[in-house]
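Heads up, the next two complexes both have chain A, just with different partners, chain B and then chain C.
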Partner chain A sequence: MNSPALVVTFAHERDLLEGAHRLRHAGFRLRDVYVPYPVHGLDRVLGLRPSRLSWVCFVCGAIGLLGMLWFEHWTAATDWPINVGGKPWNSLPADAPVAFESLVLLAGFGTVSALFAVCRLYPGRASRMPSPRVTDDRFALVVEQSSAVVNTQSVRRALGETNVLSIEEWSGRILSVSDPS
Partner chain B sequence: MRPESPLFGDPMTRSPLPKLVACLAAGGLVVGFAVEPQRAWAALYCAALFALSTSLFGAVFVALANICGGTWHVAFRRVPEAMSSGIAPFGVVVVALLAWRTLAGGTAWHPPDEPGTLWFKAWWLQPTFMVARSVGYVAVWMIGATWLRSVSLAEDVRESRRSISHVQRGSAVFAALFAVTFSLAAADWLMALEPTWYSTVWGIYWFSGLMTGGLATLILLALSLRDAGPLRQAFTDEHLHDLGKLLFGFCCFWMYIWYCQYMLIWYAHLPEETMYFVPRLTGAWSVVFIVNVGLNWGLPFLLLLPRTSKRNPTLLRRVAVVVLVGRAVDLYLAAYPEVVGPYLIVGALELAAAFLIAFVAWSLWSRSFSSAPAVPAGSPLLRESLEYHA
Partner chain C sequence: MSEHPEFHRPPLIDGHKSLADVTRDICAPLERRATALWWWAFIAAVSALLLGVVTVWYQIKTGIGTWGLNKTVGWAFDITNFVFWVGIGHAGTLISAVLFLFRQKWRTSVNRSAEAMTLFAVMCAGIYPLIHMGRPWLAYWMMPYPNTRGPLWVNFKSPLIWDFFAISTYFLISALFWYVGLIPDLATVRDRARPGLRQRVCKWLSLGWDGSFRTWHRYELVYLLLAGLATPLVFSVHTIVSTDFATSVIPGWHTTIFPPYFVAGAIFSGLAMVLTLMLIARKALNLEDYLTPRHIERMCLLMVSMGSLVGLAYGTEFFMAFYSGNAYEQFVFKNRAFGPLAWAYWTMVTCNVVIPQLIWFKAVRTNLALVFVISICVNIGMWFERFVIIVTSLHRDYLPSSWAHYIPSTVEIATFIGSFGLFFTCFLLFCRAAPVVAIAEVKGAMQTGHGGHHESHATGQEAAA
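Now for the complex of A and B:
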């Protein structure tokens, strides 16, 4: 994560979108984007693949549903059958609410855990961002500096007419929340 | 001179075939009323209720969007508005059929000496009172829909434009009145077919059906209008995506309410409640019972689950057709066992009623749509709707 990179900072959402579009089409590799709020259309401009998180959600939900259906059948019909109002031992209508709740629970926890694991987000982790202002009113684009061809001049050239605030080298510095800079 | 219909501009209005088939269907229904009055009545009643709730959806959709301060729907708002033009005609048909059965048909809705009768039901289901309040429901919906349409048309011209909060307040009043009248209508028009049975979730159940059927129709109409031209620039894939999400959500809502009703009745096992489900779970009806759940929830749920399928016009069209067939099956399952008898029957009469009502709905909506600009070009909210990103 500490490989050299360039940080291009913008003041407006549309400049960011335009800049990302130009850089990507000029062949630069974009590592990440820091924005104060979700920007519509950014995933398309960055060419991100659709998130695989929905598959995690689906699989976890299916495990919750089938696991709980099996468990209810085992407890109510196999291990210790109890006559409830003369209903059959294995009654799907009675099992459905708990199975549904367990589907929702596992799908929810599974998705959030997978997201945190993939992003390596855990309690107490120091935030890593080019400037604290990306949480307020700045939009930063991190360009991978894979070779000497990628430098401030070549990025500025590729950006052309786009309104840019600054282009800086970034060593991937870590900021604590109270960092005044 | 009648304006050209943009919707069915080509085959449906110019070629005489659909009109011919509709006339044949009407003739067939007249014969049906003479030969098998109960079945012909049920066929036409189900079809008219379907069309009425779909028309009513148009007004409800616009009102809900107004209340939420929604702007995304403005580009295709004329479509639900056009749908709401069917409220008055189909309301008249439903109330006329209701009156024919209760007042003139000789079939009492509620024989007073029936065991288990509640005094309130006997009073509430008096034929004259029932028909009178049914007229009231339709009148409320019609006034609401007309008002919603008029403020929408007024938005195009700066001078006549009403403030957003004015429209919001009016829509909220309509939504509140709709909630009460629609619940009562569902109970009067469908639950009272079996007068001694009751279910307190019935109104919400039919509201969820109104939403799925209406959304499916809206998707089909908007896509046809996009292909035909009037909404080519206006109705984007983003709008389609959101309508797909709503259809997906309301299909799940329908299932939820269906299950809430079924599970509680199954669990409590009270004879006065299970009497609705017993005939529907025996014999050939049990197949329809399962198919109903599959069409209204199973298939739409599985097909609309991935993001890409909600942005795919071909797939969404097919799902919409599945949902519409599901709605028809749902109404059929609610009305036929009580009105026609404990046997399954689908034939020429049902198809005739469905085609006739669908043809009338299509012509009414199409005419209403072409009577105003296809896109509310003067609306200050249009730009936001066109640039909307789902």
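Now for the complex of A and C:
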């Protein structure tokens, strides 16, 4: 993440989308975009594939459901059978509510844990934002500076008439961006 | 969610806000000193909480013989309060999860505080069965773990065990959903805060959130998945609460209508509580632009539809009692409407069925003072609904010689006041500790909420700057 990059800052969602489109068509590599809220359409511009976290959710849910069904059956019918009001020992309908709650619990916590792991979110992590205002009202596009061809001038040329607030170099640390507005 | 240019809908929030305005307005109550009003409310809430703590300590030490129960009425005040509080929680999940799945963008102004309400209401609810166990220090016996007590395992066929799993799952998933939703906003608060305790806490809790779209991309999917999990969960919770009653063979409880009836009632009561809280919060926290009369109107319409479902269930219960030909069932319903507790029954009908119908008039649902009064009526009515269901089904049972009356003891009433103290203490602290409106979600919704991406407010003035 510390490879050199250029940060292009925008004030509006539509400028960001327009700028991202233009840079992408001009062949620049976009590392990431920092936004105060999820801007729709950015996933296509960045070429992000649908996340596979739904599979984590499915697998955790399946483990929760099947594991609990097995456990209820094993405790009530195999390990220590109890006659409750003459009901059958292995009563599937009676096992459903707890198995369902277990499904939801495991799927929920499993998915969120996977999100934190995949995005490397953990307490005490230093946030590395290209502009201190991206959690407020700024949109920052980070362009990979893979060669000397990628510089402030070439990026500005590629952006054309798009409204841009600033274009600055970024080493991956928090910069105090001099904000024109 | 039409974004067709010809289809005009009013903006989601008032006041032509820019993104920075939204951040500033919503963070403002956190960043200024607490108002005198907040302190008075807080002192009142903490006093009620202390009363609750003392009475809970007293009744655990002495035993639940301090309650007004007798051998005929074995469940009354505390189970009423348990169901009342769990029900209130349900509107929070309805707003945060169900309306999210239905893409109702107006929910963004309301969902954060409604979810907080859910958490606190479920906390209040949890107290009652815990005390009712009689030996709350042994509550962990509800967990299925290898032990030496024999019978080794809990009885998974018992609705009371289902309830334990349902309520604890509901609390944990609601807390998770709430926290996941808070992460981006905590980062916003962190980046605005001056160095100090608030900044350190927010830094720790926001997990280093930096607004990276790669993270947002996954985050949005996880939020959707959580909403998809929480939606059937919320229906399951009150369904399971209703089976505490419906699987018994008590006339008035043993009916198949209970699960949908309880779920509708829960959402109804919760919406009333959301309205009560919102109407106070929008004034107290200067959030009138975010919680607009249009938001209140939509919640009113949801509330009246739920209330009508509840009314339908009341009627269906009576019809089924008549249609069943079962003398005991018929007696219970006659006793409900005309017996010694008829006043409670008719309070319930008036507050839950009759008064909310006024909401159909636009003049009523746009008059915030009237909406406030109606929401309080529904809160009262829904408490009485649970009281009526529980006590009138029990106090005159199969054997007339064991008929009894039920009067709550002072200890029970003080515990109930204490649970309100806990609820409001938590809610008031939440108002001071976290953004009460989901900042990132409001920003996302207002950009696309009217006229699509290209019509955001303040575009012109900022571009010119």
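Simple rule for what comes next: the second predicted complex is superposed on the first by the 173 of 181 C-alpha atoms of A that agree within 3 Å, B and C clash if a C-alpha of one lies under 4 Å from a C-alpha of the other, contacts with A are read in each partner's own complex, and residues count from 1 in each chain.
As a convention for this text, a contact is a pair of C-beta atoms (placed from the backbone, for glycine too) under 8 Å apart; a residue touches a chain by one contact, two chains touch by 3 or more.
Nothing here was measured: the structure is a model prediction, and the numbers come from that model.
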{"item": "Side-by-side fit of chain B and chain C on chain A, or clash", "value": "clash"}
{"item": "Chain B versus chain C as contact partner of A:H40, first or second or both or neither", "value": "both"}
{"item": "First (chain B), second (chain C), both or neither touched by A:I82", "value": "second"}
{"item": "Chain B versus chain C as contact partner of A:R29, first or second or both or neither", "value": "neither"}
{"item": "Greater chain A contact set [chain C / chain B]", "value": "C"}
{"item": "Partner chain in contact with A:A94 - chain B first, chain C second, else both or neither", "value": "both"}
{"item": "Chain C-contacting residues of chain A that also contact chain B", "value": "40-41, 50, 54, 87, 94, 97"}
{"item": "Chain A-touching residues of chain C, taken from the complex the two chains share", "value": "18-20, 23, 144, 150-159, 161-162, 165-166, 169, 172-173, 176-177, 180, 183-184, 187-188, 190-192, 203-222, 225-226, 229-230, 232-233, 236, 240, 243, 440-441, 443-444, 447-448, 453-454, 456, 459, 462-463, 465"}
{"item": "Chain B partner contacts - residues on chain A that touch it in the complex", "value": "40-41, 50, 54, 58, 85-87, 93-94, 96-97"}
{"item": "Touch list for chain A against partner chain C, complex", "value": "11-14, 17, 32-43, 46, 48, 50-51, 53-54, 57, 61, 71-72, 75-76, 79-80, 82, 84, 87, 91, 94-95, 97-98, 100-102, 104-105, 107-109, 111-112, 115-116, 118-129, 132-137, 163, 180-181"}
{"item": "Contact set on chain B toward chain A in their complex", "value": "259, 262-263, 266-267, 269, 305-307, 389"}
